[in-house]
Amino acid sequence: MKKLINDPSSVLADALRGVELAHPDTVRVDHENRLVVRADAPRPGKVGLVSGGGSGHEPMHGGFVGRGMLDAAACGEVFTSPTPDQVFAATVAVNGGAGVLHIVKNYTGDVMNFEMAAELAGAEGIEVASVLTADDVAVTDSLYTAGRRGVGVTVLVEKIAGAAAEEGYDLAKLAELAQRVADNGRSMGLALTSCTVPAAGRPTFELADDEIELGIGIHGEPGRERQPLAPVKELASRLVTPILSDFDFTGAPVIVLCNGMGGTPLIELYGLFAETCDLLSAAGVQVARSLVGNYITSLEMAGASITLLRADDEMLRLWDAPVTTSGMTW
Amino acid sequence: MKKLINDPSSVLADALRGVELAHPDTVRVDHENRLVVRADAPRPGKVGLVSGGGSGHEPMHGGFVGRGMLDAAACGEVFTSPTPDQVFAATVAVNGGAGVLHIVKNYTGDVMNFEMAAELAGAEGIEVASVLTADDVAVTDSLYTAGRRGVGVTVLVEKIAGAAAEEGYDLAKLAELAQRVADNGRSMGLALTSCTVPAAGRPTFELADDEIELGIGIHGEPGRERQPLAPVKELASRLVTPILSDFDFTGAPVIVLCNGMGGTPLIELYGLFAETCDLLSAAGVQVARSLVGNYITSLEMAGASITLLRADDEMLRLWDAPVTTSGMTW
Amino acid sequence: MTSELTVQKFAAWMHAFADDVVANEALLTDLDRQIGDADHGGNMVRGMKAVAELDAADFANARDYAKKAAMTLIGKVGGAAGPLYGTLLLRLAAALPDDGPIDHAGWSAALHAGVDGVRDRGKASAGDKTMLDALLPAVEAFDANPDDAWAAAAAAADAGRAATVPMVAHKGRASYLGERSAGVADPGATSSTLLVQAAARTLA
Amino acid sequence: MTSELTVQKFAAWMHAFADDVVANEALLTDLDRQIGDADHGGNMVRGMKAVAELDAADFANARDYAKKAAMTLIGKVGGAAGPLYGTLLLRLAAALPDDGPIDHAGWSAALHAGVDGVRDRGKASAGDKTMLDALLPAVEAFDANPDDAWAAAAAAADAGRAATVPMVAHKGRASYLGERSAGVADPGATSSTLLVQAAARTLA
């Protein structure tokens, strides 16, 4: 395992020290609870936005804390959802009296830990609403499964809900909007290489030189299917086709996230984005906004994911609203 | 070789198509000449800023085209400096009558191609000044060598000169400032893994699991020395120590760039940045501004570089000025 | 089967479990690497090391100690394992009698409460390839073998763990793999087996 | 030694060089991979393919053809090789006589002009481990062997190329490697050898 780390057990603490030193104007860091908190939180009268999850997906979530996006991120160990104590501390830190929205990716651990935190917050008289993202079409959804994973749409929910909270949406309206965004997004990802969890010390899976994993999540978990490597034109179609067969993206403005998993260079992501646009245009999908880059990653994994959001005018307006975070600024 | 590409020969053309689709508000793309040009160029009365170089270093340079930074980037093939024709076309495209500044990284090819382009532009009556970046302390500088490579400081020159051009600096003043920034910056990089040039199809060098290359540039060229892997605290010192022994960074505000080579995740870069800050503070260096992320990369190489710039009030003011590009925005 | 319930006894169980988790960290992580996200070993070690640092002398009775151990897991572990093991211990603690004699029925009630807690929290069923596939047979065997309850439970947990190997996961992270989740033992069922085995060594 | 200078003759040289570059792309890239940045093969192929696409019929004389070939290299190649090979051909073209008979002195003057161009452009000297280490001995051998000039030049270029193997580079990208640049032939000296060898096949 080759990493710029001191020790597998100190990766998160070391990184948080760096985050604090790098972004003193935007955020403060609670090292004990491993929180990245907006520098000016809590903001009286504004709904607080809290997300969080395992680390290793940077810039998500800590890099999305700031004006127009999250108020706090609870940082779990690498690929391990944060504890209820952390999420509770984040909730208290950003509660400005108007309640707090939890943005939770649908993983068993995340859901349980955020649920318990919401109970703790409720017991302290803080009103909490939760939105669940579950946009990964690689996973079959049924009553008898854990449901779909929350992946790329989480970034879009955080941006759009963040702008709405800044505008003064109340908790109920904000939760409704955020869930609407989550429900109208779909994603699909693939990996060219595995990542290596520092504590595990070896790659989570092994791929031959001509193989990809299709339908991977963001925790280095293997995908649904191993397939032969192919030109990016073909790979784009393996991502876009299942998304389009899962949900109707025609007849509305669509926001596209062409996301790198961490180890894929930008020059390749732009190529993937071009192919994706070709496929969408052939399918009659109208790309209204787009984002190309590393936003929700799996450590150093090479690969990419595509997320489509069926937007509306409200979402577009909030998408365009200013945002100032280390991971996303306009 | 596992890459999200169609063909080694189409990587750049495909990526430029994606850039055009992703950033229609900020830039336009000249596909024939492989230029990324600021959407509103040329701006009458403003000095035009042109940089460029081989591709594979994204976001540099195409991602730095926009308000407050470059007016155009000439994109060579992967790791191959652009031709004089390309640089000349970029120069013409951004000439608003106040002359054009070329920002050139010190590589034999880049220097020669930009020189020839400047001659062509001069013949057309366009005034061109050039600034050369040569900040890599890994390389011995002497009369009998090609001199130091231009690396991380190039990003800082582009930001600071871009803001100055926006403010209305004339060509002579701009060139003086830009060269001053270049001369006051020093960098050092290391690699944990090699990158693979698409056309070569195999890694440029091979490292054992416990080895690093110290003193690498940005073209996948091997470094000066192979060393054992070590904790990031120690690696930070192997980067910072030669920088500090090369140039005096005390007694002035310093801008720090903690840069990823493309395949190193943000969580590690923040850890490296924290260790770097510790070392700088122990050495009495005052960190005034910082930037952590992937800014000048070598395709998918895992590794990082540190750049220090001995700044002054003028540079800090220009550093803080607004910038709107896909690779850097504030 | 009647024994004494004391803080020390309960703490001995937790220490034995902590030791086993530390000794098996690589195994737990490697199972999770194959069908999950490679953190179960680290998660359990982080949590149980913190539990092992509790000073038994600080607690009035086993119930309070167990409750604190539960809160420690919840506060330290995260992931799926944190809330699940935390809830298991929290409910088990609440069902414990006061310190003093505890008989087979007393332990049975506590174990049932704990395992029901896991079921409530995680909404998984037998056969979903989770820790329940070790815990449910363990409790069943405990009930059915009053004379040798802990040993029977430990054996049943291990058999349940082994039975997860061919299973296709329906809950937890391994479920994302679909059919490809078959062939590897469930990490949580494996750590749960260590828990029951530690009980058999310390509580029998 | 006197021969005819025609567009066709000059174009034959360029086509032969293009063929050799294409056939040796992997070698050139691999040499550059070891002591440079792995693009010399691609650079030369891109440039010489474009040169090979020029239609000899479009040009009035060899000089014009050579000038266009030079501009094509400058416009297509980039890197260090583009300006260097471009300048080589541009200066060589300027020194060519009109189409018609060209003797040993005529070719010698043209070659000297071209190689001096490389030296002016790149500011390297003999022994710096660059293309000059093939080109300089080639020109010298050409001059010294009026009867068998091209063959002698080709042999000298190849010997010069081989002599770059142990050299430590002082110019170009390989110089960044310091001592570690020794042990591999210089990519540009290797492609330059192909250029002179192609001349020996087509111009002799």
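Side notes on the structure shown:
Lettered A, B, C and D in written order, each chain numbered from 1.
In this text, a contact is a pair of C-beta atoms (placed from the backbone, for glycine too) under 8 Å apart; a residue touches a chain by one contact, two chains touch by 3 or more.
Predicted model only: the values in this text are computed from it and were never measured.
By the touching criterion, once subunit B is set aside and every other chain stays in place, the chains split into these groups: A, C | D.
Contact with both subunit C and subunit D is made by no chain of the assembly.
One finds 54 Å separating the Cα centroids of subunit A and subunit D. Each chain gets a centre from the mean of its Cα atoms; for subunit B and subunit D, those two points are 31 Å apart.
Between subunit A and subunit B the centroid-to-centroid distance comes to 29 Å (mean Cα coordinates, whole Å). For subunit A, residues that reach two or more other chains under the stated contact definition are 78. Shared interface positions of subunit D, i.e. residues touching 2 or more other chains, are not present. Taken chain by chain, the contacts run in an open path, each chain touching the next and the two ends left apart. Chain pairs that touch one another: A-B, A-C, B-D.
Within the complex formed with subunit A, the residues of subunit B that make contact are 1-7, 11-12, 14-19, 21-22, 55-56, 58-59, 63, 78, 192-193, 207, 209, 212, 229, 231-233, 235, 258, 262-275, 277, 287, 290-292, 294, 297, 299-300, 302, 304, 324, 326, 329-330. Those residues of subunit B that touch subunit D in the complex are listed here as 8-9, 54, 76-86, 107-109, 112-113, 116, 138-140, 144-146, 149, 197, 199-200, 202, 204-205, 217, 219-222, 224. If you check the complex, the residues on subunit D that touch subunit B are 29-30, 33-39, 41-43, 46, 74-84, 121-122, 170-173, 175-178, 180.
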